[in-house]
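Dropping a structure here in structure tokens format, bear with me for questions.
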Amino acid sequence: MATMPAIMKQGKWTPWLYLLPALLIMAVFIVFPTLNTIVLSFMDRTSTQSAAADCVAGQPCWGAFENYRYALTDPEMTQALSNNALWLILMVPATVAAGLLFALLAERVRYEKLAKSIIFMPMAISFIGAGVIWQFMYKIETGEGPQTGLLNAIIVGLGGKPVAFMSTYPLNNFMLMIVGIWLWAGFCMTILSAALKGLPGEVIEAAQVDGANGWQTFWKVMVPLIMPTIVVVTTTMIINVLKIFDIVFVMTGGNYGTEVIANRMFKLIVTDTGRSMAIAVILIALMIPIMISNIRRFNKQEEER
Amino acid sequence: MYQWSGAEEEKINAIFKPFVDACGVKIVAESTRDAGVLDTRVKSTPPDILFWPTTAPLTLYPDKLKDLSTVGADTANYAQYWLDLGTASGKLYALPAKVDIKSIIWYSPARFSALGYTVPTTFEELNTLVEKMAADGNVPWSMGFASDAATGWTGSDFIQDLMLTQQGPQYVLDLISGNVAYNDAGVMTAYETYQKWAADPKYTVGGSDGTLNTPFLDAIYKVFQENPEAMMVKQSGFAGGEIVKQFPNLKYGTDYDFFAFPGIKGMQGGADYMMAFSDSAAAKALVAYLTGAEGAKAWAQSGFDLSPNKLALGQYTDPQLIKKSEALDKATGFTPDLGDTIPAPFGEAEWKAIIQVVQGGDIQAALDSVAEAQTQALGK
Amino acid sequence: MNPFRSLNRIFRAIPVNLALILMCAMWIIPTLGLFVSSFRDKESVRTSGWWTVLSPRAVVGQTEYSTYCASCHGPNGNALPNVDLSDPAVVAQYTRDYQLLAMLNQPVNGESHLKDPTLPSNPNESLAILGNVLNYMQSLSTSANRGLGLTLSNYADALVGYKGTNTYLDDCATSGAEASIKFKCNASDLLNPEGMGAALINSILVTVPSTLLVIAIAAFAAYAFAWLDFRGRQWMFALLVGLQIVPLQMTLVPISRIYAQIGMQNTFIGIWLFHTGFGLPYAIYLLRNFIGSLPREIFESAYLDGANHWRAFRNLALPLAMPAIASLGIFQFLWVWNDFLVAKIFLSAHPVLTVQITNLIDPRGSNWHILTGAAFLSFIIPMIVFFAFQKYFVRGMLAGSVKG
């Protein structure tokens, strides 16, 4: 940290006075509960004894790690873990790509601001509201009545059979991801757009003088230049996807094979606290690599300042 | 002390009125639905008489409750299975005061007669009727779980009725307690029937997609709307109210009506149980009143669902209650809603199995995983 | 030179405008659909798609009517004065196909009602035909269209938390307050705890203090991290960067247990503190980056003028950091406003908008029409905030992510 004005005097306790409220609240609301959660994840469902007490004779048991056995081997959980992985593999790149595409396209039109506002608008509304919006898109009428969901109305209009988007596995997972992309593409677009605008024109010009065509310029010059930003956007999206909860909660309740980690954790929070906490610990364990890389990147930036 | 409030409370007061007028006993009523409130009260100053929607207090406060046969209850007016449900360690601690039955099927009598269908009275007749409808190109069933955050209780209720018909009430009680494993052959049979009806568009509106995605109120409407999509819907008593609200022109008895699940051996439903914490003269008088002829009559005429008191039969004035009371009288057992009674992980596994089965999955595999959850949850 | 001009070659093949407009349409149509639906009445929402709002309702059954009825009753149903099928009172006797069938089975003047042609002998086929005839008869007796079916009642129902089968406005207009125990049919209904009106107030009560609290506390800490010297400054700040991504799921159970013990469950102060706790790492980080990048000279000259840290903080750092504080405020505001999980767990007795929407989903079935109004009511304030302060929002997002 290079911004220290050494000439200013300060009392011995001054910094701590400024910091105290923040440190106190963060200690009580983030640090302590996180540690407590880790402890609870080794306790049984009543949180009074070791998780081993929940073992049933004749069934597999991991002793104190019993809740982790559940969190890693229960079919509902393996389903949730693989769904989160699916979100990571498909939804994150799709969102970043959509954001980049928007950013590139919007640069080139006069109504850039309007177009960006439209893409960005979903960021202002709640996941719950988004769930309601998209349930209207995905509705199905299986009887003789007309389709009142837009997508099925189009499918039927084109002569197809209506699709039960929310109860057909694995299609429902992709339909939920579309909602996620709809919500977050604006975020990716805004940040990538700022990075694109900050690109030095000379570098690109130079590339073209060297005979690169547009496609090559984009992949070989622009993408490497904005790569740090793409990394930041991607890591943020990874965190968002690991924590994904509200969309699934309102749209399918995790039924029909759409379960995700955070929803599973929420479902068990009252009835089976120990297992729920083990899931939370797994959630944070998955995030630790990102946490470390963020801190590393931060330290590097501080050195450069 | 009881859990009724609002319009329900008015009805219970009407039932108590003849008793209060005759004996001069003053009833100080207290209403709560909170088990925590009840617990505090029981541990400090228990109420004389408690009405509660489960028999849970039997296991919670066995040393505080009085044996009702010593508090003036006329047990002769109750079917043996009620006495069994209210008995713990040889003492009769609870008797049902109010019962609502769920094992009923709604249909349109006028449409049935126009199409030449008759109300089935046995399970075989129901099966024949369903096949006949399907052969005529009419969809027999309308089913609906509603897809968002659904619990699948309509499916669970249907399967429970099938088990009550095919296996009987004790079987369902054994499933709840864990004495019968959920992958038993009897459960299997019920699921086979259910899968046939709930997954095929010939038998239910929209096939499995329809069953899973139709909100269950819509499922009721589909039988009674102008261009009906199905002939029957299995749903609790509240469906009658929903039908008239949605279609105010329809008349009970001709345009819509219900029949008890054909051939069912024991009813599924909700019961509110009466328990006594005191054997004071006033408590005795109230218990005697409600278990005797006068209370039965007052209850039947109040229109506050059914009284399991045998003497209430024939006293009802509401045509729907008359019919329900007759159905209850024929039953040889009573089971609470399985889905409401079993512990959450067991219930969740059951719900998942129902979805798998409706989507055409392998029944044995689905039931095996429920049985595992059942073992885990009940420790048996 | 504009670097993007070079990209023209890539995109020359794609009509940029078309692609962008298409994508924008894809992005806005879902919201638009909900918006249109929110003004349609219950029956319309239930039975037709929102895009049909302007198209006339199709009337089926004309063919069947012409075949079986028009020869006697006339194409408009009024050829026989004693049985005028365009008279609503006559048609109202028949609401279902089987009623029509029963009537047609009765002889007229000793002869069968329908002679040429007669109905098929299979009752199933007859009913299918008569269903359509009935539908056509009904359209003869009513003025074909019931209008567009537009209404504000979804908003009214959502605001007061109406859960009946009619609409709140109709109930109050026809039977008045005595018809229901729950509603008084005056402005006090807006405060019904089950409605979106009360939830709106709860949302404001949760969001505003949570936002102000986080700004106040973070500003102090950010100043300390930027301009004060203390041991552990470096690693504490690095820790802060890490804390930013702790999922709040990690803390729900321990905190709710503490709250239950000290009676802070379902209190507003409880949820303020929780949101503040979770907002702080990012807030401090954002403000520190901004305050720390202010020119060192202005602080030095202030010190030479005799200012202490308190005055430097209050008179220099705070006013200069206003743009960053605005960004942070918008961010925190939208985050808290749109939160569901925290409010659901810590404040379920005073539901905020998001929680109330899920409460309005009728566990017994479909009430889509109310959800449409409810969802839009929850959008109004964040939309205003968002469009009014979009600049700050974007700036806050960039500062948080890129520089981080």
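Chains: A, B and C, in written order; residue numbering restarts at 1 for each.
Keep this in mind: contacts are C-beta pairs under 8 Å (C-beta built on N, C-alpha and C of every residue); 3 or more make two chains touch, one makes a residue touch a chain.
Quick caveat, the model's predicted, so the values are computed rather than measured.
Comparing the CA-atom centres of all chains against that of subunit A, the greatest distance is found for B. The most central chain, judged by C-alpha centres against the centre of all protein C-alpha atoms, is C. When every pair of chains is scored by its C-beta contact pairs, the maximum goes to A-C. Separating the centre of subunit A from that of subunit B, both taken as means of CA atoms, is a distance of 44 Å.
With centres defined as mean CA coordinates, subunit C is found 22 Å away from subunit A.
Chain centres here are Cα means. That of subunit B falls 36 Å from that of subunit C.
Counting partners per residue, subunit B has 148-149, 227 as the residues that reach two or more other chains. Residue positions 46 of subunit C each touch two or more of the other chains. Chain contacts: subunit A has residues 249-250 touching two or more partner chains. The part of subunit A that touches subunit B in the complex is made up of residues 56, 59, 75-76, 135, 140, 142-144, 162, 164, 166-168, 249-253, 255-256, 267, 271-272. Those residues of subunit C that touch subunit B in the complex are listed here as 46, 92, 95-99, 101-102, 123-124, 127, 131, 134-135, 165, 181, 361-362, 364-366. The residues of subunit B lying in touch with subunit A in their complex are 147-150, 205-207, 209-210, 212-214, 222, 227, 229, 343-345, 348, 351-352, 355, 359, 369, 375-376, 379.
Within the complex formed with subunit C, the residues of subunit A that make contact are 1, 3-10, 14-16, 18-19, 21-23, 25-26, 28-34, 36-37, 40, 101-102, 104-109, 115, 117-129, 132-134, 136-137, 145-150, 153, 182, 185, 187, 190-191, 194-196, 199-201, 204-205, 207-208, 213-215, 217-218, 222, 229, 232-233, 236, 239, 242-243, 245-246, 249-250, 262, 265-266, 269, 273, 276-277, 280-281, 283-284, 287, 290-292, 294-295, 297-299, 301. Contact residues of subunit C toward subunit A in the complex are 1-4, 6-11, 16-17, 19-20, 23-24, 27-31, 33-34, 37, 45-51, 217-218, 220-221, 223-230, 233-234, 237-238, 241-247, 249-255, 273-274, 276-278, 280-281, 284, 292-293, 296, 299-300, 303, 308-309, 312-313, 334, 337-341, 345, 353-354, 357-358, 368, 371-372, 374-375, 378-379, 382-383, 385-387, 390, 394, 397-398, 401-404.
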